C-alpha cells in the first residue's frame, strides 16, 4: 500500500508559517495585555530589524550565533540525540578562542591567529560535548540530563577561570584584557567600506561568513557523505544502524563532537568578532535559542539560516522595540522564542496532524 | 563547632525546602511517565505569581494560591502538549521555561513598574517563622534542646510542609490505588489502558500534583525565603531538583536525602567563600557549586550506583499510529 | 440476565476502522454463540487484532456497533468492555513488568482508594481461580522474572478476576511450545464448560481445527466466511484465508551440500541483564544446503542470528568462517562480517533491514554504504546508487519501481524484496535469513521461497530461521531445534515431522524417548 | 540651552533599589525641576549596551550618562566614534576629551557607617556583605573596617563577598544566608554593599532582630527600625549635576572625584532611623566627618594599592 503523499510545501512552508504566526499571535496578546499596540510594536520590530543598514547588520550578527547553535542542535538531532548543552559548549568554545587570542595576539599576525582561534573554538566546544557523548555512548547515561548538568558546570568553570586566572588586574568587570587588534575578526563594514559600500556600523563580522560556510559543510556532511548516511541511519533507527555494522557509539561521539564544535563557534563571533576579550555570560541564551532555531528550520541548513535570521530579527527588532516603547522589555523576545518552541516543537502535532490529514483525505478522495 | 554545625544544618533546611518540593513534584510527573524539565519554569512562574498576589492582596496565603494556580496552569500546558498532543517532553519543558523567563519580567514591569520585580513584601504578605512550642524554654538544654529550638523550630510553615510531603508522597505512591496506577502508567501505559484506566487522566492528575508542589516551591522562594520576586530568581533550582530526583532514583526518601545533600553543599558554599581551610587552602566556591551536577553525572554514568528511571518516561503514549 | 432470546454472546454489526490510509476493518459482522469457542483466522495484517481491540474498547470503531447478550453496548474504553464482561489476552502482553503478579491483577480493579484491602481480597480470589482452572501461580513473583507461559497465565487471571464472561485471546500460542499450547487449550475447554465464551485468534489452522466450535475468516480487513469447524477442513480454510488455492509445498531437489563454509563452536551469549541467551551453540553450514532453525520464538534464534552476523559480540566460543577465526578476543562487527561475504536478511525488516525514512535507493545500500562502489573520495555517489537500485527493482519485480520512494511507502512484500535483493546481489558465501515471509502476502511468499531455493542450488550456504514450522519443513535440508538458548536436536528433513519437532521445541523429546524406552523395557 | 539628555543603566536595571535606582531618582528630580525628559535605556546584554549607546549618540542625545563600571569599554568605543557627544560615566574611568568620569570616595562614606556600626554594636562584632568581589567593593569593605576599628579598636569585622560575577549584585537569597551566618558569628550590625543582594541582608536582619546598613541610595525606608543608616553615594546628584552642567554649558570632561567634602558620599539620617541614633552618636559622627574632610583622619583607599593596610 503506498501511502498518499502530503505536498512538500505543506511541511516545509505552511506548517512552520502557521506555528510562527501562532507564536506571534499569542505574543501580540501579551503586548495588548500590557497596554501597547501590537501592530505598532510589530512596526518598530520590523523597522529595527530590517529598516536600515545598521539594523540589518545587527540582525545578521545575532543570526550568526543562531546559525551556529541551530546547526549544532540539528546535527545532533539528525542522529537522534538531543543536545541541550549548546549553551555550555558555546561558552567553553569561547574559552578556546579567548585562550588562543590571549596567548598569541602580541606575537602573531592575524592570519596565524584566526585559523588557530577557529580551531580553538571548535576543539573546546567539542571537548565539552565529548564527555556527555562518551557517557551516553559507552555508559548509557541520558544525554539530555548530562548536557543540562554540563551547562551548569561550564558556567561555574568559566567564572572560576575568568575571575581567578584570566581577569585583568585592576579591572572591575570580570573580563580578560582586550585583545590586540591582530586578534580581531574584521567587521564586515570595515571590509566593505574600502570597496565603496557603506553598510552601516554594526558588530556583524566575518563570523557570519564562517556560519554560512558551516551550513554548506553540514548540508554536504549530512546528505552526501557516508558519515552523514551513518548518522541519519542512527537517528532513524538504532537497530538498523547496528545491523548495518555502524559503530553507534562512535557515531554518537563524533556527531556530538561536531555539534559541540559548531556551538563552540559562537565564541568566534562573540569573543573574536565583537567583544575582543573573554568575558562572562556572552552566550546569553543563544545555546537554548538554538533549539527553537532548529525546530523552526526543520533541521535543514537552509531552514536554519532562515530561522536564524528570523530570530536575529527578533533580537535586534526587540531591542529597538524596547528602546521605542520603554513599557516593553526586550524579554518579550524571550516570550516569543519560547512560544515558537512551544508551537513548532511541543505542539507540532496539534496542527501538523490535522493539516496533513486534510491533504491525505484530499488525495484519497 | 557544634553550634556552627547546627546553624549550617539550619541553613540547609531553608535552602533544601524548594528543592524538596520541586523534586517531589518531578517525582509525580516522572513516575507517571512525563519528563519534566519545566520544573524550573514552574517554580519561577509561581514565585512571580505568588509575590504579585501577596503584594496586591497583602496576604501570603493568597499569594500561595496564585502561585499554585500559575504553576498548575503551566503544568497543564505541559500536559496539553505532551499528553494530549504527544509532543516531545523535553521540548515542551524548554518552551515553558523560556516563556516563563520572559513573561514574568514583561508582566512584572507592566504591573509594578519596578524593572520586573515585585514590591518588597512585609508583614502578612510573607510567611513568617513559627516557633515550635517550648522552643524558647528548651533553648538552653544542651544538644537536644539546641537541636530542637535552633534547628527544628523557627522555620516558616512551608518548610514543615515540604518535609511533611515526603512521607505523604511515600504513602501515596506505594499505598494507594492512585499510586499503583501512577507507577504502572510510567512503566507500561498500555497495560494501564487495557486495564480500563485512562492513561491521560492519570498523567494529568500527576501533573496537577506536580504543579501544586512546584507552586509551593515558587511561593516559598518569593514569599517566605525572600520578600518579593526578582527576575530569574529560581536560578537553576528546578534543574537541581531534577538532578536530586535522579540522584534519589525516583524514590521519595532517597530524593529527600539528595535534596538535603545538595542544600547542605549550597549552605557550605555560602559560608566557605574566601575561607582558608586548614591543609586544603581556599576551596573555590565554584567547585562546591558544581558538586551536585557532577555527582549526578557520575551517578548517571554508573560510577556510583545506577539510575534507572521509569521505563516509559518521556515516551508519548500513542495508541493509534495514523 | 434475560432468557436466551438469541444464543449469541456477542454480535458485531458493520464495524469499520481506518488507520490513516489503511482500512484495517471494513463492515465487519460477526455473531458468536454463547458458551462456545469461536476461532478467527486470517493472515498477518488481516485486521484480527484491530477487530478484537475494538471489541475490547482499546480502539474506537469508526462505524458500526456491538451487542453483548443481545443488548447494544457502547464500548468506548476498555473499562466499558470490562463492565460488559469482556476480557482480553493481548498478542503482546499488557503487563507491568516490574510489578508483582498480584499488583498486575488488581491494577484497575483495586476495590478502593487504598491498596491493602483490595490486595488481600485479590489474594484469596486468585487462590480460588487457580484451583478451579488449574492456573497455579506465585502471586508475589515479579512478572519479568516469570517465563512467558506464566506471564500469559497472569493475563488470563487478570481477565477472570474481572469476571470476564467473554474471553478474547489474540494469538495466544505464538509464544508457546505445542505442549504449553495444549495445556492452554485444556484451560479454554474448562472455561467453556463454565459457560465462558472464548474468541480465539490465530493463523494456525491446526489449532482452529483442534479446538474451536465455529470459525470465521478475515482477509484484508473484511470478514469473508463463517464455518462450523466440524464441517470444514484445512484446505478450505487456507484457500479462504488467502483468496486462492495455495500450494503448501515448494518444489525442491534434494540438496547436494559440498564443503563446510562456516563452523560455529560453543557460542555463548550473555545479555546486558546477565541472562544467558545462547548456551554452547555449535553448528556447521555447508555450501549448497539450507539449514532451518526451528523453535518457539524467544529461544535464542534471534540472538544466534545477531551473533553470527556480528551485530552483537559473542560472550565466548568461536566461529570459523572461511579462513577467518572469530572469537570474543577477535570479534568482527556486522560490517566486517559483510566484508567476509556474509549476508543477512534480518527478522525485522522495519527495525533492522530498512530505514523507513530513507528513499529506496538509500535503503538499498544499507550495510554496504562504505563500499567503494558507492563512494567517491569524500562524497557518496548518488547516481551509482540510484542506477543500481533501479536495476534491482526491475530484476526483482519491486513495485512501484521507483528508487526515490520512501521505503515506508512500499508494501511489506516489496520491502522484503528490497532487503533480500540487497543481500543476495552482493553474492555472499553465507546467507542468514530470519523470518523471510513474516507479514508478507501469499503471492510474495512463493516468490521469496523460490528465490531462496535458487540460491541454495547456486551453492550458497543458507541458515533459515522461522517460527513457521511449515516454512522450515518446506525449505530446509536439515532442521536444528533450539530451546532456551541451546540446540536440543537436529533432524534430517526426511526424518522430520510435526510431532517430533513440536516435542523437541518443548524440550520434551528426550524425556519422552526415555519414557518410551522405560515402558518398552517394562513390557518386555 | 536645550539639551537632549539620556541615560543608560547597567544590566541590573533602574529598579535595583540601590545604585541604578539612585541615578533614576536623580533623573526624576531633574525632570521634575526642569521638565526636560531624559531618555532612558535599559540594556539586557553586552551587545545591547554598545548598541544602545550608539543609537542614542546617533540621535544626538547629549550628555549621555552611563551607569556603572561595566559600561566602561562600551562607552570608550562609542565615545571615540562620536566625538561631539558628551558622555558621563559613573564609577568608570575613561580618558577621552568628550567623556566625564565620575568616581566616588566610597571609602569615606564606608568609614562613617563603619564607625556608626561600631558605636551601636553591643557585641563588638560587625559584618560586611559585599556584592561582587571586585576592588571597588573591597574599597567599601576596607573603609568600613577602618571606621569600625576607629571606634572600637578590637572590633571584629566579618567580611563576606556574595560572589564573583555580576549576579552577586542581585542574589538576595544568598545575601540573607550570608547575613544569617554573620549573625550566628556574633555580628549585630551588617553593612551590605551589594546592590539588590542587600534586600536579602536587610530582610534577614529584620527577621533576626539585628541591624543593617544600606548602600548607595538612602535605603532607610526599606526596613524602618532595622536600618541603622545608609551609606549614600550621591549618584543621583552626579547624574543631576551632569545634566545641569550641560544645560548651563559648564559640562566639562575629565575626572571628578566626589568625596565627603564634595557631598558625594554621606551617611543618611531621616525619620526612619532617627530613634536608633542618639545625640551622642550624632555628635561623634559630626566630629568624624569633619576630621575626614579636614584630613585629620586619613581613610585608606583599597584601590590605591589593592590592599587594606591602613
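So that you can tell them apart, the chains are marked A, B, C and D in the order they are listed, and the count of residues begins at 1 in each.
The rule we apply is simple: contacts are C-beta pairs under 8 Å (C-beta built on N, C-alpha and C of every residue); 3 or more make two chains touch, one makes a residue touch a chain.
Listed by chain with UniProt protein names: A, B = ABC transporter permease; C = ABC transporter ATP-binding protein.
Keep in mind that this is a model prediction, so the values were computed, not measured.
Engineer: If you tally contacts for every chain pair, which pair is highest?
Structural biologist: A-B
Engineer: Using mean C-alpha positions as chain centres, tell me how far chain B is from chain D in Å, no decimals.
Structural biologist: 36
Engineer: Using the average of all C-alpha atoms in each chain as its centre, how far is it in Å between chain A and chain D?
Structural biologist: Measuring from centre to centre gives 38 Å for this pair.
Engineer: In angstrom, rounded to a whole number, how far apart do the mean CA points of chain A and chain C lie?
Structural biologist: Comparing mean C-alpha positions, chain C is 46 Å from chain A.
Engineer: Roughly how far is chain A from chain B, centre to centre by C-alpha average, rounded to an integer in Å?
Structural biologist: Chain centres of chain A and chain B, defined by C-alpha means, are spaced 30 Å apart.
Engineer: Could you check chain C for residues that touch two or more other chains and list them?
Structural biologist: Touching at least two other chains: 20.
Engineer: For chain A, jot down the residues that touch at least 2 other chains.
Structural biologist: Within chain A, residues 159, 329, 331 contact more than one other chain.
Engineer: Check each residue of chain B and list the ones that touch at least two other chains.
Structural biologist: 116, 322
Engineer: What chain pairs are in touch here?
Structural biologist: Touch list across chains, by label: A-B, A-C, A-D, B-C, B-D.
Engineer: Taking the complex as given, what residues does chain B use to touch chain C?
Structural biologist: Where chain B meets chain C, its residues are 175-181, 183-184, 187-188, 190-198, 311, 319-322.
Engineer: Could you please specify the touching residues of chain A with respect to chain C in the complex?
Structural biologist: Residues 1-5, 220, 224-226, 229-230, 232-233, 236-237, 239-240, 242-247, 360, 364 of chain A touch chain C in their complex.
Engineer: So in the complex, which bits of chain A are touching chain D?
Structural biologist: 58, 61-62, 159, 163, 170, 172-175, 178, 201, 203, 274-275, 277, 279-282, 284, 319, 322-323, 326, 329-331
Engineer: Show me the residue ranges of chain D that touch chain A in the complex, using the header's touch definition.
Structural biologist: Listed in rising order, the residues of chain D that touch chain A are 40-48, 50-52, 54-55, 69-70, 72-73, 81, 91-92, 132-136, 164-166, 306.
Engineer: Any idea which chain C residues touch chain A in the complex?
Structural biologist: 20-22, 309-312, 333-338, 344, 346, 348, 351-358, 362, 366-367, 369-370, 374-375, 378-380, 382, 400, 405, 408-411
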